[in-house]
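Each remark here refers to the structure printed beneath this line.
By written order: A, B and C. Residues from 1 in each chain.
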């Protein structure tokens, strides 16, 4: 048994694996969130972007915290998340160039049909959370430093509750993405805060439905940033900027608005809003 | 089971993205087994045939490495391959090559440990004959590995099983990018998190079927080899 | 006919072998000359296998001196050994012989011809392509002999080669041993079959409890044994 055939097999096996790294195809890595991916927006939007520019977009979907971390390490060219305070911290640290608002969707409070806490139809989400706590109704938290998680924690704060100190066994932090949280809520007939996009797209609703929506505090703003090439010279700044420019362009904004599930629009473009 | 039936139907329509996912899964896992074998077979044989201080401790360590948690390996490889990490310039994070590396690290100890055990058992039986024929150390390694080839196929299959089934390492170093680094296990994880359980189960069934097919093929090869050279 | 080897006579002087606390061979002094088949006999546990392995170089002596051809400290030319249960490599019969030829340093171009000749000698030409592990016990033993001969040895050791064979297989091996001895190879063999010893040996060494009890030509050993142990053994009684 000589070595030559073995080497030949090795070479053949490894060659296709190295081509993506070696080939000069136009591509960027975008670190985004699992909720954005789970909503299905990328499957709708990215092919249009690639058709127009020839740039392939590789999306790494993680929790917001992890996505920003990926940007900090220079492993992504663009970060596209929805947690303004975390994004501004990212900028302040010098890892991003500029933050552009892109779109918003909203969060909805999901609960079981039986509504054990009796919060359906409330207009004040903080009050609803307070009621859930008082009634010891089961609540699923993502507990993963994601944008959704941060929004949830802020809502508890609005209700005057220090949820980190003040929770009982009814509050379950699972440390996973939106889909997993919804699955868990569906299986345990529990309440959970979700972004509307993931909720509409979610195929395992079971006995769950929206119980509270429309409160201004449930607003979920998305921002996009180019990872700073000054700090990370390998960042593909022209291609990354092209993606950002597309997202905030009238054409891109229209595509975002055009994404619907069951006739419902999920994301509302607002790149022109200076306060977003 | 209504969900099971619809999953099967999905499989039989041979969706192109499903085919791509299957191809990538096989490519990554088989490549990892080949590389792991190139490392593990000689390493296992060497440990089996040599005596040195600390050898027993090394064997215990090697056996323990079989239980390396995939997610820890994935994280470590990620930190090495990250642009901010020591091997950043290689630029292979979030590519299939990174996935192969992570799985090779997981599979090599399995092959090495099983090889060591097989070769050690054989070495005892073969010792006098090979010594009488004045076969040198390298010759001994080659001879024992070749003569043990049928048992070693089982070790390779164990390695393949481990690689094909794991998701913790490759989802971190690969990023589960659609069309590039999405394999069957990472796709199952994704579809589950999207709540699309029928597709997740369907992919799971395909994965199990493929692993069984690989095992059956290996058995055919082994039997043919046995009858030819016994 | 092989040229007389420089390795003979083999001289052992007070050779001993210990495994841990157990003494297996004790105070062995022997001279084994060229030109005759030497057979070691003795009850099980007498140390026959250990002595053969020691001579072969598979086990080092714990004490005493071993000289080849009267030269102290010199290594023997070429030795081969056939074990009681030979291990067949997982490949064809011919491949086993080719392996031995390769290990013996025979140039690649000559191997095929030598292999065919060796298989012919042991009568396995028709089974060259058969997987070695599927040969019968007798055939495997003959193949082991072919492997051993691949080294073109000056001394050939055999450890109870026919112990597990039927009479036909035994005869085949005995005939081969005689052929090999006739070619000038020094044959040193162990057996517990007295009849075999009588048939094949030119001189007999009787081992008992790790010591050489008697060493004599076959004729004198069987007709006029010098020791009590020899007489007991020849009579077929248990030698305790």
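Miscellaneous remarks
In this section, contacts are C-beta pairs under 8 Å (C-beta built on N, C-alpha and C of every residue); 3 or more make two chains touch, one makes a residue touch a chain.
On a predicted model such as this, the values are computed, not experimentally measured, just so you know.
With contact taken as defined at the outset, there is no chain that touches chain A as well as chain B. When every chain is represented by the mean of its C-alpha atoms, the one lying closest to the mean of all protein C-alpha atoms is B.
In terms of the distance between Cα centroids, chain B is separated most widely from C. When C-beta pairs in contact are tallied for every pair of chains, the largest tally goes to A-B. We define each chain's centre as the mean of its Cα atoms; on that basis chain A and chain B are separated by 33 Å.
Per-chain Cα centroids separate chain A from chain C by 79 Å. For this pair, chain B with chain C, the centres built from the Cα atoms lie 47 Å apart.
In chain A, no residue touches two or more other chains.
The set of chain B residues that touch two or more partner chains comprises 146. Against chain C, the residues of chain B that register as touching in their complex are 125-126, 128-129, 131-135, 139, 143, 146-147, 149-150, 227-230. Listed in rising order, the residues of chain B touching chain A in the complex are 27-28, 30-31, 34-35, 38, 82-85, 88, 90-97, 100, 146, 175-178, 180, 190, 192-197.
Chain A contributes residues 1, 6, 9-10, 13-14, 16-18, 20-21, 29, 34, 37-38, 42-43, 58-61, 72-75, 176-180, 182-183, 186, 201-205, 232, 234 to its touches with chain B in the complex. Here chain C touches chain B in the complex through residues 53, 56-58, 79-81, 83, 86-87, 89-92, 95, 99-100, 103-104, 131-134, 147-148, 151, going by the rule given at the top.
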